[in-house]
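Can you read through this structure? Questions will come right after.
Chains: A, B, C and D, in written order; residue numbering restarts at 1 for each.
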Amino acid sequence: MDTGLFIQVILSGLSVGAIYALVAVGFGVVFNATGAINFVQGEYVMVGGLSAGMLYEAWDVPVLVAILVAIALTTLLGVLTEMGLLGFGRLRTPASITIATIAIAVVVKGAAMLISNRDTFALPSLLGPGSLQVLGASTSRQTLLNLLLAVLAVAALTLFFQRTKLGTTLRAAASDSETLQTFGVSYRTTARWAFAIAAAVGALAGAGLAPLTVMSFDSGTLLGLKGFAAAMLGGLGNPRGALAGGLMLGVAEAVMSGYGAAAYADVVAFVVLLAILTLRPTGMLGTSRAVRT
Amino acid sequence: MRKKIPTLLTCSALLALSACGLGSSGSDGGSDDTITIGTLFSVSGSGANLGDKMRKGAALAVKQVNADGGIDGRTIDWVFYDPAGDTSTAVQQTNRMLDSDGVELVVGGGGSSGIALAMDPITSSRGVAFIATEGARQIVEPAEDHPLTFKTTFNDTVMVEKLIEFWQANDITRVAFMPDTSSFGQSAQEELERLAPEAGIEVSTAAFDPAANDLTPQVKRLAGNDPQAYLAWTITPAGVTFLKNVRSVLGDDVMVMHGFGFVDERYMTQAGAASKGTLLVSPKLPVWDEIDKSDEQQPVMEDFAAAYADEYDGEQPNVYAGQAYDAMMVAVEALRATGGDPDGEKVADAIEALGTHVGVTGAFKFTADDHSGLSVDDVAVIRWDGSRFMPAK
Amino acid sequence: MSGTEGLVVEGLTVRYGRVEVVHGIDFAARPGQVTCLVGNNGAGKTTTIRGILGLQPSRARQVTFQGRSLSGVPTHAIARHGIALVPEGRRVFADLTVLENLRMGAVRRNGGWHDEVTLGEVYDLFPELRDRSASKAGLLSGGQQQMLAMGRAMMARPDMLVLDEPSMGLSPVLVNRIYEALVALRGAGYTILLSEQNANLALDLADHAYILETGRVVEDGVAADLADSARVQAIYLGA
Amino acid sequence: MMSRLAGPARTMSRRATWELWITLGLLVVLPMLAATDYALHIWTRMAIFLILLTGLNFIQGVAGMTSLAQAGFFGLGAYAAGIATVRHDVPPVLALALAPVLVTLVALLIGVLSMRLKEIYFTMATLGAGFVLYLLFGRMVELTGGPNGLVGIPPFSVGGVEFTEPIMKYGLAAVLAAIGAIAAHNLLVSRTGRALRAYGASEPAALAVGASPFRLRLLAFGLSGFYAGVAGALEAFDSRFVSPSTFDFMTAVLLVVALVVSGAGRMIGPILGALLLTGIEVFAADYADYEPLIMGIVFLVAVQLFPRGVAGELAARREDRRERAKRSADLAADVAVDAPTTLKAVQR
């Protein structure tokens, strides 16, 4: 067995998996607060990466500042998403909210196409352009940063949910949002925070992804769907599950690219999604939430 | 009965909307002072970027022709639709152009080979000439089955021949090939796997999804066959990832190549240091200012580049803009030859009789058997030197 | 039915989807008293409470609390008017610990998150909760969950405590335990609105009671007087 | 429980019959309004959408679950018919019959695996299934022609007569759409259909009429696949070209949205939805650059305005009006005679 190839496959899987993990975390946060699947999640990644790239390339903003501004902008977009979904007070069921998120995703993508003039934008790696050599394999330094970001984001969110008043409130909303309302916390407040957090984490994924490839208005949709598959794989709504699911999916795709029929690599995510839903819908690390009728 | 009235009202409102939509677009083209040319390019959806460049190229051609007094005094009435990458939408829009908008000649096949292939039977059955701007050779081959259809792009066959010629000249016998899974990549894969073995070149292939974010597993896997050159075939940003990944895994010494779909300064710049030294098979347009002044194409490219930059705020044209510009100009030349008669067969005969049309993309020599008109002579191997494209040695 | 104090409900109609369940009922809960809605399963007690709190779409001529209208006010805002609910079926936040559940009761109150005084009162009333403060609420027994739900509502320091069927599904020993706690709360001056199927217990505790049948108030009066009513006996036997 | 269902079920049946007549009437009247070749292409497309949405209505409107697999099934039908005729010289009539059978089998297989999932999880499972199909259309190059598409599909033909004229294509699609609508109507007013609808409304109700929810849902999903198979085969013979781009995620979403905003669960929903989809196609063409943005906004506004669908919203408004009228009567009675017994009498 070629160890170089093996290590390369694992590194590649972790590199892409870190991004999937961040996307998956976002799906979980919104799902916990609203019970809906937020299809805008992939677009948050696109907006985060694209706006950081535009700021850096077109306006010569320093990289770090560009990333921070992009995260702020995307977080605002998350808040706007909540307003667009729940601001009219007409959507009540998770299913109708889910459908409406698709509409918002289309709007965001359409607007991004016009604003970016269909151009692609890139960011330099924060750790410099060099690559890391590991046992005969090689990866961008940014990969290391992305893994670190994913782990830190999951750790920070776990702490946030366990230790802070707001985090506890969001967990309470996930547990029983109706009862939470009888204690004076409105559904929309928790939903808005959830969308803001999901958008911020999505933007972080975008800023981490941009140095590995380039971003265009079209970069988010498929990434979002794969991130959802990762979320299901790890157990929807559980940040640590999201991390595990993201990395597993990344590695599974890389194995297909490195050893299997490479052209079918992107089918893997959807086969995994189908398989996990039919075999173990609570996910590998999922809670005992009822998913069957 | 009374209860149904709101429903019926909604129904009839929708109905009225649909019917008036169908009616209002029924302008009849072909009046004496205009010629109606219809175009589809996907300026939204994936591939929107190149669709937009094609639209800019075609629009420039229409503007120039109309400013110069049109075709024998008749101006071009340009009808444009965006199928957004979807063939069934493109089929509807083609029907609309021909049946409802009075389009007499079709230029541009939606920006993807699949769409052009879907449009061809419709235009042919209406006896309308169709000049495509998409890659797949099946759009025009065999020519006897596509008597009214032409295209102003390179057949993948020509590109692959040029590649083989280049590899043979450089003693390269083992090549790693990475096409994307789009129609662009698939067409090239078919050609390369057909032609390379005959030339004694061993090709190992690993495809990738256009939306992929890391290609190192494929690169590393192909490296196991010890290839002398790595060639990617894509039009998407994943090509940037390819450049970065090859350099990261294999270092700076290995030969890295891209197909003509990736000839774009922006992509090269965005790949940073990883793009330096990349070789590309391409039309000569990107290096128009570096080639010999005696080349008959040189002034055409120079004029085009200047006019394009003038029209679009200093933007440099890319090969897609050039293809679309050429397609429109070939149509115009043919219409001038027929005296403005847009009849499909007459236009087709005129195109085949043009002799040599020196365009931006190359010197087209359409014949009854060759409806794509470009040859290996029109292809250049160019090199990105870190800041600009240069002819490769 | 005078005064702007307490809860005043007039002509309340509540529906589930297309089915009207509560048909225009009137009642009031006076401050400092225990008011009880007594009725069989399906009489509309829970629906009435959900309607008042905005958890179920409802219509009414008037619903006021301390003189302020609750009509059309969303649930979370009603809660901020000083009403805390101990819902039917407990509905503790199962994934949160006991302590976190209690703190959630005070989440919208200034300084409530760190209110150790009220927390102490809750723990004194229900020592079981202090012992299990770090356990996940979902792992508690039914009786402990009921105590937790009551403690959580106490943490809101409400002007009125609404308890929906607090005895449901509990063993007689635990029911007594809960009612002892309610007596203590009454003694502490809480205004209480109680819905209960266990008529004898409830009427024992309450100052004033309303008897509900199929979404209508069929009888009301001083609790002690109602205890002998034929209707109440029927409910008691039915339960 | 039974008795409470029986009343609404009867009025629902009457309404469904009425709506069926409207649907059939439109299939006849529309081509009379505009009968140019181009218009006939559009009406053919509308008829194909009608079949797709009638199928989707079983699962979305009746069983109350959202399926994002309908575009994939649509594609599977189109590729089945295309591949059978192009690669195996199967007569088009036979291909038109075989495609729905194949799609039904695939739908049942996916249904067996995913039917027991709760609503949102089921939706995501169908998304996965639809995506796998879509990706396979593009990847199995030998069989499907890959991303370039499948070329050379013959026109539909019966006994040597080729359906190449727009009017004949429309006739075929319209006849099949009409048969599909009538079959759907008859099924909906049957005992099984009532059970299905009861199931969509609430589970206990369905159990009360003695139905197995799993089997009913599976039936609904299988039917949605069958209709998609017919629509797919028609699409293949209409465009005479099949490529993956037609059956992507966006198509799946548009189908669901068109049905939801026009009235899922109603007989009238599919035809309204089909008109909406064709209307969007016709109008959107004029706004090239802004099309995705406009589409998204229209789509969002529609979902916000009609979360229960146009038809459902109108029905709800009517009910509200009746309700208000009844309430003012109640209040009047309440003021006049303050006695519960009289109130009861008024409410009857």
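As a working rule, a residue touches a chain if its C-beta (ideal position, glycine included) is under 8 Å from a C-beta of that chain, and two chains touch if they have at least 3 such contacts.
Predicted, not measured: the structure shown is a model, and the values here were computed from it.
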Inset, instruction - Name whichever of B-D and A-C has more C-beta pairs touching across its two chains. - result: B-D
Legend entry - Identity of the chain that, by mean CA position, is farthest from chain B: C
Inset, instruction - Go ahead and note the Å separation of the Cα centroids belonging to chain A and chain C. - result: 42
Inset, instruction - Just give me the whole-number Å value for how far the CA centre of chain B lies from that of chain D. - result: 37
Legend entry - Geometric centre distance via CA averages, chain C-chain B, whole Å: 72
Inset, instruction - Please work out the Cα centroid separation of chain C and chain D, and write it as a whole number of Å. - result: 46
Inset, instruction - Return the residues of chain B touching two or more other chains; collapse runs of consecutive numbers into ranges. - result: 43-45, 181
Legend entry - Multi-partner residues of chain A (each touching 2 or more other chains): 110, 113, 263, 266
Legend entry - Touching two or more other chains - residue numbers and ranges from chain C: none
Inset, instruction - Report the residues of chain D in contact with chain B in the complex, numbered from low to high. - result: 15, 18-19, 22, 26, 30, 33-34, 36-39, 41-42, 45-46, 138-139, 141, 146-149, 151, 235, 239-241, 243, 245-246, 248, 268, 271-272, 275-276, 278-279, 281-283, 285, 288-289, 291-292, 310-311, 314, 318
Inset, instruction - Going by the contact rule at the top, pick out the chain A residues touching chain D in the complex. - result: 35-37, 84, 88, 90-92, 94-96, 98-100, 102-111, 113-114, 221, 225, 228-229, 232, 263-264, 266-267, 270-271, 273-274, 277-278, 281, 290-293
Legend entry - Contacting residues of chain B [partner chain D, same complex]: 3-4, 6-8, 10-11, 14-15, 17-19, 21-23, 25-26, 43-45, 80-82, 84-89, 91-93, 95-96, 98-100, 113-114, 117-118, 121, 136, 138, 181-183, 186-187
Legend entry - chain A residues touching chain C - in the complex, by the definition given at the top: 165, 168-169, 171-172, 174-176, 178-187, 189, 287
Legend entry - Of all residues in chain C, those that touch chain A in their complex: 53, 55, 74-77, 79-80, 84-85, 87, 91, 93-96, 100-101, 103-105, 107-109, 113, 152, 156
